[in-house]
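Please read through the structure below; I'll follow up with questions.
By written order: A, B, C, D and E. Residues from 1 in each chain.
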Amino acid sequence: MRKLKENILKSAVYLSAGFTVITLVVIVGYIFMQGISGINPTFLFSNYSASGDGGILPMIVTTIYTVLLSIAVATPIGILSAIYLQEYAKKGKLVTAIRFATESLAGIPSIIYGLFGGIFFVVTLGMKYSILSGSLTVAIIILPVIIRTTEEALKTVPQSYREASLALGSTKFQTLYKVILPSAIPGILSGIILSVGRVIGESAAILLTAGTVAQMPGTIFDSARTLTVHAYLLTKEKGDIQGAASIGVVLIILVLILNTIAKVVAKKLNKANY
Amino acid sequence: VGCGSGSSSNDGSKVTVSGSTSVGPAMESIAEKYQADNQGVTVEIQQVGSSAGIKNTIEGTSQIGMASRDLKDEEKNAGLKETEIALDGIALVTHKNNTVKDLTVDQIKGIYTGKITNWKDVGGKDAPIVVLSREDGSGTRDGFQEKVGFESEALTKEAQISDGSGNIKTTVEGNENAIGYISYGYVDDTVNMLKIGGVELTPENVKSNAYAIARPFILVNKEDSMTEQANKLIDFILSDEGQKIMEGKGFISIK
Amino acid sequence: MLAKSRVVNVSKRDNKNGNEGKYLAEKVAKNVFLISALIAVISLLLIIGFVFYKGLTPFLFKGYSFTEFLTGADWVPSADKFGISSMVAASILATIGALVIGVPVGILTAVFIAEVAPKRLAKIISPAVELLAGIPSVLYGVFGLAIIVPGIQNIFNLPKGQSLFAVIIVLAVMMLPTVISVSETAIRAVPQAYKEGSLALGASHIETIFKVVLPAAKSGILAAVVLGVGRALGETMAVILVAGNSPVMPSSLMDSVRPLTTNIALEMGYAFGTHQEMLFATGVVLFTFILILNIVLNKLSNKAVD
Amino acid sequence: MENNTKLNIENLDLFYGTKQALKNINMNIKEKKVTALIGPSGCGKSTFLRSLNRMNDLIENVTIKGKIEVDGEDIYNSSDVIKLRTKVGMVFQKPNPFPMSIYDNVAYGPRTHGIRDKKTLDKIVEESLKGAAIWDEVKDRLKSSALGLSGGQQQRICIARAIAMKPEVILMDEPTSALDPISTLKVEELIEELKDDYTIVIVTHNMQQAARVSDDTAFFLNGEVIEFRDTKTMFTNPEDKRTEDYITGRFG
Amino acid sequence: MENNTKLNIENLDLFYGTKQALKNINMNIKEKKVTALIGPSGCGKSTFLRSLNRMNDLIENVTIKGKIEVDGEDIYNSSDVIKLRTKVGMVFQKPNPFPMSIYDNVAYGPRTHGIRDKKTLDKIVEESLKGAAIWDEVKDRLKSSALGLSGGQQQRICIARAIAMKPEVILMDEPTSALDPISTLKVEELIEELKDDYTIVIVTHNMQQAARVSDDTAFFLNGEVIEFRDTKTMFTNPEDKRTEDYITGRFG
């Protein structure tokens, strides 16, 4: 009886893990099978053409712009907020409000951010469809991610470091940037990488704020099309599954590279500590 | 934040166009040629849907709107100028294996209003019909319903709604029971294109009104947001060269 | 950056007046941090403000009834009919369905990675799961449209595969990475002492996991479920491709459905005037759902911590 | 039955990776006696204790050589760890009640061993809590969380949890080091009582405690047993100079 | 300078929320002497120690009544905590070097106080490491991480870090409890040396240690000081029965 139950539970664990792994293999495998043949230097490095034999260079450039801009906006705000919540704030109404706000922001579907950005940045602030509107919109999307991960990273810094520094007559701020932040960097970094993944994968919100212009953007005030939006439009308008899958391959490789970088950097920084 | 207006970068060398996803691809080709001919000019094309394009034009976010349907009264009242730039046949597409190759407009209406639900009733094998439609508001859908002769409310509740011609095509390609409609410009050999009342969808048949389900593509604009380049762009589309490009994309010249 | 303003070269012992600068820098820093934190709050308020203003306009100024909007069965914008009851049902059913599949599979996979799998295997699976999280949702949709939809059609011998069931499967798969990685963290955080306590009583490894480890990790696991629900309720681009999007009340798993998010994304590009505002109103309903969910689960997880 | 050997350890070596933590340990632990393990921090006391119920199996890279017999049966040659751990219970240094009710904590062991009957469980819980001298303090709140108790109470709950399994041997790793003096006294009194029925092995940092509660004492240093004899002789007349130094407080 | 009062504590009460952790403490801590605080776990030793450099300010809901004077100045009536902590250094129970090089650890304090000059820093670091009796062991690897050192070495680095600030008082909270016997001996020797220049207050669980290193001893019980006198008298001839019980090991 005890053995039987044990075996059932064990099987459930193995089956679930198997299911996850198979799903993963099938999805990634499918995207690669469909998409790999479409990948060649022309596809990756030449300008887009309406005739169909161009490449995705403008989308790659747009994606990079969007990632850099949104990270540049969200990271400082996110990290500073997390520091406030974790290191300065005392328990109280304000902190509860901020925590609730960030948690709610994290739970809102991106289509709602899209609606918001589409009115607020695009129309009200007059930024029109532009990389800037899109980036600011996704900056709000990733803000809670960065706040959360930074908070977690700060939490893992041993209290003993803080006490040691303060006991030497350092101020809280000195303690923060000399001892706490350096120790928390690996964690913060992984939050940023996670956010980059989120920005890269976003379509609904970007579509409604950055527009869909399939051209090499000149400035951040231009409208442009990210890789993910391009993949979406290819599927939706042309039914070009293979094209979308090719972009999928590019994106998966991009995400893979980013994850690896994050791990390596985190490890390096950790090594420096131990 | 708050860098006032992005349009500050618009010194007249940029023409902003937005709207219908059916017109979009042809406009991209037009823009490519136009930019090549007029160095320093950029033509920005947003494919966001007919209504959004019209709304953008009214609000001034775009100079030119692309629509694949006629304007609504609300929209007409906003003081928009319309220019017809091409005709488009709306193709009915089915799976390659489907033996039905020809339907009358009445049969199509029957299918889309849910009165005909089995392929055997229109000469095919005994199988349920899976009806595919575009979303409410789509120019293609408006044009289709108008020509076939029914209103949105009458559309069968069973209809699958796909956003975009591509999704309709992909679905039809994978489902033997499906029928859908897409813009002529998007038809390719992954699907089977039906004759309507024995008439095939060709540019000639659209021009001669022999093919029943066709609609105009129009551009809209507000006079006060037009620049010289924007006007020149519309002229270019209407020129022989412009119309040729439209034809190359599968649309039908208005000339 | 701010503390650079400190008075330089104060030697110890006799720094009678040296610390005012430091206390000032301290104050300034604190306020900068506070302002940053407020930006999150302001963003939320702005979003609520805009979406609600737009979404409530038809009900406040145009004489539409919100109750009819919620309970109405028909959605035909061109005929001025805006009822979203079928979409509310679709969203709820799809979310529950995805939870029923995704949560157990996710948690058990997390158990596998954190407790059962040999270290080497865990080291391969864990990043692979992260990769799954990094794939844009559009691609899940493409995958669903090309594999899952025809699969359902063929297996169950249906006229079409777009259905509630397809939505549930796609959502379940999409929430796996979130559920797995958050639960994994929670499981790993369970003190070794609990495990040792159980093992020392002669409980087996599996018994220990299910009787002690999982209950001890329940607040973290609940958080995983919260995030998973958020993902399921909020997902758009993948769902739009596999749902069929017919705005009708589903009566079986194989019916086409149109969840709330899909309704917004599907028609946003084509909506105008009241139609557009009604899409915002759909957003308001969705938003309210998620806020309520957030509050309820927050309360629950606070309880779980106690 | 007097002075029967309950646990017999022969030539035990233990390595963490390549680092040797136990060196050639030989020891006879007698039935229904209290054996204390003392020695400076890091000398291997916990490692040794955890070898006795194979808790070290949980740690990767542990290599064990030599023999440990419980009732004459080699525990590392038998595959039934569950049976071993049922027979050899353990109380940890830090009280580690499960995050459940007091009742569920004590009933945990019997339940995993298949006892479902409410009456039987009730009886076991009551007896165990009484055995651990905590029944009176908690009998009115058996359903409340064990985490709400004081450290000393938690530790006694853990002892109750261990004796609910009716083990034959109880291993205790510094069971009072996290406790206040009053709780410590209670636990010590309890050990006195328990030794009528159980064989007890206890690790302690506290010389006085070892002197008070144990019958035999082993002094560990750097992974070796320097001296192992009856407690009285050990504390009054140690053989080894290092033992003497340690007992009289020359070390930490 | 003999027997001057360095710290003067009067009627000190401390509450965590509503729970009173210190009750009416009165104590005179003499300059350039070692004062040991002993007492069972949870009696308030750490709480008291942390009051002396206002480390308790970090904890929410702490209420303090009474007076603590350092060199006659009431520390809770001055707003300059930084100055206080510069004057009153602290060494913690668990060695807690920063995750930086040995050099940066020791130079941390002087640097935060504005000393930038390389030569001056070098000198301070060398002197402090010598003062903490660890210079010879680490002089060849000042640039390597402090976390790579043994526990005992880490603790001495922390002491060096504290004395680099040239404080006048050093508070030590069980500085040897995490250390092996050899490291413990080294730290104890160090304390002997340091008391020539510093006033030292040390918490210890180890009676023998208190006896060995301190001049005065305070025995805490349940938040009160039961007895406070010179160490020798305290250990040979305690006045209070409870002190005697504790010292002779009747408690844990």
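Keep this in mind: a contact is a pair of C-beta atoms (placed from the backbone, for glycine too) under 8 Å apart; a residue touches a chain by one contact, two chains touch by 3 or more.
Keep in mind it's a predicted model, so treat the numbers as computed, not measured.
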Min route length, chain touch network, chain C to chain D, equals 1
Farthest chain relative to chain D (centres taken as mean CA coordinates): B
Result of counting contacting C-beta pairs for A-B and A-E, higher pair: A-B
Distance from the mean Cα position of chain E to that of chain B, given in whole angstrom: 81
Counting only Cα atoms for the centres, state how far chain B is from chain C in Å. 36
Distance from chain C to chain A - Cα centre to Cα centre, in angstrom: 14
Hunt down the residues of chain A that sit against at least two other chains at once, touch-wise. 171, 174, 235, 241
Show the residues in chain E shared as contacts by 2 or more other chains, in ascending order. 82-83, 86, 113, 165
Pull out every residue in chain B that's touching 2 or more other chains. 21, 48, 163, 167, 170
Chain E contacts chain A in the complex at 53, 55, 58, 60, 82-86, 89-90, 92, 94, 96-99, 108-109, 112-113, 145, 147-148, 158, 161-162, 165
So in the complex, the part of chain E that touches chain C is made up of which residues? 79-80, 82-83, 86-87, 110, 113-116, 165-166
Under the stated contact criterion, what part of chain C meets chain E in this complex? 6-13, 15-16, 18-19, 22-23
For chain B, which residues are in contact with chain C within the complex? 21, 48-52, 54-55, 72, 74-75, 127-130, 135-139, 142, 151-153, 157-163, 167, 170-171, 174-175, 177-178
Name, in rising order, each residue of chain A that touches chain C in their complex. 6, 9-10, 12-17, 19-21, 23-24, 26-28, 30-31, 34, 76-78, 80-81, 83-85, 87-89, 97-98, 100-116, 119-120, 140, 143-144, 147, 171-174, 176-177, 197, 200-204, 208, 228, 231-232, 235, 241, 244-245, 248, 251-252, 255-256, 258-259, 263
